[in-house]
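Heads up, the thing below is written out as structure tokens.
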Amino acid sequence: MSLAETAREIRTENYSYAFSPYPEPIARVASGELLDIFTDDAFESRVQSVDDLPSKVLTDPYLNPQTGPIFVEGAEPGDTLCVEILEIAPERDFVASAHIPYFGGLTGTAATAMLNEPLPERVFIYPLRDGFVEMPHGVRIPYAPFLGTIGTAPLFEAISSLTPGPFGGNMDVADVCAGNVVRLPVRVEGAYFYTGDAHAAQGDGELCGVACEMTARVRLRLTVEKGTAAPWPRIVSPGQLMSVGSARPMEDAARIAYHDLLTWLEADYGWDRWEAYQLLTQAGRVRLGNMVDPQYSVVAKIDRELAEAARSGRGGDGVR
Amino acid sequence: MSLAETAREIRTENYSYAFSPYPEPIARVASGELLDIFTDDAFESRVQSVDDLPSKVLTDPYLNPQTGPIFVEGAEPGDTLCVEILEIAPERDFVASAHIPYFGGLTGTAATAMLNEPLPERVFIYPLRDGFVEMPHGVRIPYAPFLGTIGTAPLFEAISSLTPGPFGGNMDVADVCAGNVVRLPVRVEGAYFYTGDAHAAQGDGELCGVACEMTARVRLRLTVEKGTAAPWPRIVSPGQLMSVGSARPMEDAARIAYHDLLTWLEADYGWDRWEAYQLLTQAGRVRLGNMVDPQYSVVAKIDRELAEAARSGRGGDGVR
Amino acid sequence: MSLAETAREIRTENYSYAFSPYPEPIARVASGELLDIFTDDAFESRVQSVDDLPSKVLTDPYLNPQTGPIFVEGAEPGDTLCVEILEIAPERDFVASAHIPYFGGLTGTAATAMLNEPLPERVFIYPLRDGFVEMPHGVRIPYAPFLGTIGTAPLFEAISSLTPGPFGGNMDVADVCAGNVVRLPVRVEGAYFYTGDAHAAQGDGELCGVACEMTARVRLRLTVEKGTAAPWPRIVSPGQLMSVGSARPMEDAARIAYHDLLTWLEADYGWDRWEAYQLLTQAGRVRLGNMVDPQYSVVAKIDRELAEAARSGRGGDGVR
Amino acid sequence: MSLAETAREIRTENYSYAFSPYPEPIARVASGELLDIFTDDAFESRVQSVDDLPSKVLTDPYLNPQTGPIFVEGAEPGDTLCVEILEIAPERDFVASAHIPYFGGLTGTAATAMLNEPLPERVFIYPLRDGFVEMPHGVRIPYAPFLGTIGTAPLFEAISSLTPGPFGGNMDVADVCAGNVVRLPVRVEGAYFYTGDAHAAQGDGELCGVACEMTARVRLRLTVEKGTAAPWPRIVSPGQLMSVGSARPMEDAARIAYHDLLTWLEADYGWDRWEAYQLLTQAGRVRLGNMVDPQYSVVAKIDRELAEAARSGRGGDGVR
């Protein structure tokens, strides 16, 4: 890939609010084509100042706009859509966050229904400058952009873009970043790829429910790999293999992630099941994506170097 | 501290299996005294070969032996016991792990009760050599020792050493390692400190329920800090502040950890509540301790440099 | 209502497998019209003998067929669709149940992912005779039919008919029976009503995941009530008010159900919030719908006589 | 049993606040002896009027006083302690409830940690008159007393009397009432029986966390049954067999309860495992004990008539 290569631009004014097989595709692309996809922020740019309170400006149920569906030529059910993320560039010089009533990790919500009064509503606008998000008190958080939301269409469900699942979706996983490949299952012809909700930075868990929300130009390639669909999203970075589980309670998300990673080691890396269970016990890593969405997302990881050991034929038998 | 300083050795044959105010202390120490505490492994050294199946050798309910209680002079309810961990040295040249029926993160258990047959029972013995745990296939995992279990006595409860809680206990958090200070609440006179369950290495979550279990000599100091008890264990590393929450479901452990860390920022670091909520949202980090114990343990973290910004008086107001 | 009144029959061969606003309605009905809706069983009648193992006959992802969508004239977003269930009559003389691999309440599943082998697959066919389901050993369970699945379309999501939610869906709540009125929120024009999955009998929780599945003729009326949509399904029986919450973990389903019931008492029955909290604490009742679906369903109930007390003006002030 | 028989009275001023093997027994009784045990309320009678706010009168951590331990002659580890409850009589003419900050089912708590302000604190005092608890608005709830807390000592743990577990404890299960037999595991010599926390009435789940708290005289017999300890508490009523599971999340409590009931049917009632799974799926019943304690309690039930069918040899084979 050369960044000099001309990327095809994909923009829309006609956002989707679900991962769904039902809308008309906004574009049709070839497998492997270089794309520049423009994404709006989770508020659809309606929060631009501290006075743009969510309760005033987010009054309809259409939240977290997605650019998509993008029809990928040749993608058929059972395939994997490999999303090679090359660059996530900001389209403006600030990011927005907010404390939204009855939403977030440390408050009662619609699901964890409580009688307490909501937390105070508040908007935060932070400059994005010189590679940092600039918060009060001189706090500067490195710009580390990723796509909060990325996925394909389920077979016949249409799932809100606020929710993650086996199709990807609103995982809020910081490993969905430039340099990594996200592997998504294809369930419908053309895959129907969607993405959005770019974050300039985010802590593990996205505690209050709203990260450093930005508009973005996302350079990526969508490549079809025939016949290898996995049950859950996977991510390959230069150093690690990762599986993402999304569920409630959070332990089920962790179980899914580790279970998928283990079966991946078995199927593709030659591991015996019980030795793989040991490997993940002693060397697995976990990142919490979000603890705020309708399903929580947890990533389980293993170093590729360790994963590749089983079939490397290298010596050492771990026997005393 | 000088490592040349002579440490007082604390050993016992009379282990405890609970964090409890009821046993007689095995030692009384001065605040700040340099100690070498010897800990047995979680199996009380009954698993030494692959033939020592847990169902054969672990037939009584006394598991995870703790060295303690250690009475710390001057510690009174309401104080904090600061545990400065200086070194965790192995006492043998191998570690043990096992797949124990109806125990672990990817199997039905006594609590997540299921009708499925148990997973196959199996013991794993790995050499500990040249700074690595040596697993099969040439997999070498860096020796990164920590104390799986560390805590003080609750006020009047006696809690199994398999369980973590506000008193510390079986947290299986890799940040309980040399170089860090663990802050534990004192609930009874003398604090009644216990530790054990050293791990030579462990993945996040301790997936199968048994890490690289080792016997150890643990060099540490127990220092009493008057009148500062926090509701949950905290850890200070050179770079980070951490709070540990233990609960089920896992999201409650995460909520506790982040909530405690936030109130810590408010109380000791001058943060406004809602700005602290933002800081943790954008820059907090989470580590999963275990997903296998009677309560799961989750660590929430923030960089000390960021935590200290609020009262540093440095410029920058985060306003566009 | 007179049972002599002629009911309009609604049948389809073109089942839906989601609660969705996207399909063409299979019928358009007037508010209040008497209907006989024919429903297939959850297996679409593919399990007729003990040899019809689910792994053989349920090989596609299209499960739990729904009769619908039925367009109800006059229903608009914000309205309530009142479903008055008059009769649920069996269409055959047996019912079917099954133990399906990796599905059910006492087994690892796709969400509670585990490494254990699945439970043995098995089909159970029971005669339905003389008002009883006849199980082995002379066990006779009274025929107590209800609709496992009932709901309206979400605004823009399409949710699998295996899943319950705010729109109703696969709640598996035995109170969805003849004599009761189910109140469902209308989110789209025409409401898009669906039902199916009739059960001849079911224990609380639907433990193995499959009740006494039957084909049925369901006599009911769909009546539009303007402008009263509640956030979650509600049921009114001759003696009780009920709210249904669907979520994971199960405590969130219970929280939703009780929270909705409490706000109902406030809004429609004149209760002070804190007195209503007391009333439900001392006299509320809970039924577990299912503990097997992608979301669990819990019903919270209160006697109508008690609910109506606040505005009845009757004496007694509960003061000593 | 004749109510004319003289019961031995057991009172104490020296309450226990844990299920613990460590205190000195307050009484030693013979197996089968008729006892009148006097229990204080959960507030230790410190809440007598609406002005006795918990934050003022419950300032120490010693809550939910238990009458015990009672040493039962002949009880040894592995036995069952059968508690035959004959009568629960009020010792005063009112009951007390309260909304306690950060406690209850519809509020953030220490475990479900949130940043919301607490609910308003409030005390409710209701007359107990003519067989009813008299609440405001003329609401009269039938007097239906039961023991919120009942249990034996764990082997070496001491568990707060606010918590339920395998030993029984704070289950808040309304089936612990006169006419029923509670079967508790014996883990230490003498069983160390405790009870308290009588409730004059309670809704399923004990929603706000505080039922109609009363002082009581409890007439019961403690009978030792040799060698039959079950892993979880069981209850036998004239019509039903019940198992109680206590855990978080709530689905684990339900899994435990149904799993234990199923193994009971296998072991004592001659059921095949998979037919028992079917029986509970089609005819099991569930009651929610509490959704507020450190562990939630769920009861699974089956009619004794159905349970006894497997070995009754009655005809009918459930085959079409």
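Chains: A, B, C and D, in written order; residue numbering restarts at 1 for each.
In the analysis below, a residue touches a chain if its C-beta (ideal position, glycine included) is under 8 Å from a C-beta of that chain, and two chains touch if they have at least 3 such contacts.
All values reported here derive from a predicted model rather than from experimental measurement.
Trainee: Touching both subunit B and subunit C, which chains are there?
Mentor: A, D
Trainee: Comparing C-D against A-D, which pair counts more contacting C-beta pairs?
Mentor: Higher C-beta contact count between the two pairs: C-D.
Trainee: Could you work out which chain's C-alpha centre is the most distant one from the centre of subunit B?
Mentor: It is C whose centre lies farthest from that of subunit B.
Trainee: Quick one: subunit C and subunit D, Cα centre-to-centre, how many Å?
Mentor: For subunit C versus subunit D, the centre distance works out to 31 Å.
Trainee: With chain centres defined as C-alpha means, what is the inter-centre distance between subunit A and subunit D in Å?
Mentor: 46
Trainee: Among all residues of subunit D, which ones touch two or more of the remaining chains?
Mentor: As it turns out, subunit D has residues touching two or more other chains at 106, 112-115, 119, 248-249, 255, 258-259, 262, 277.
Trainee: Answer with line, ring, star, complete or other to describe the graph linking chains that touch.
Mentor: Contact map by chain: complete.
Trainee: Can you list the subunit C residues touching subunit A in their complex?
Mentor: Subunit C residues touching subunit A: 17-18, 20, 22, 61-62, 110-115, 155-160, 231, 245, 247-249, 252, 255-256, 258-260, 262, 273, 277.
Trainee: Within their complex, state which residues of subunit C touch subunit D.
Mentor: The contact residues of subunit C facing subunit D are 93-94, 97, 99, 105-106, 119-120, 122, 124-127, 133-141, 201-212, 248-251, 254-255, 258-259, 262, 274-275, 277-288, 291, 296, 300, 306, 309-310, 312, 314-320.
Trainee: Any idea which subunit A residues touch subunit D in the complex?
Mentor: 106-108, 112-119, 249
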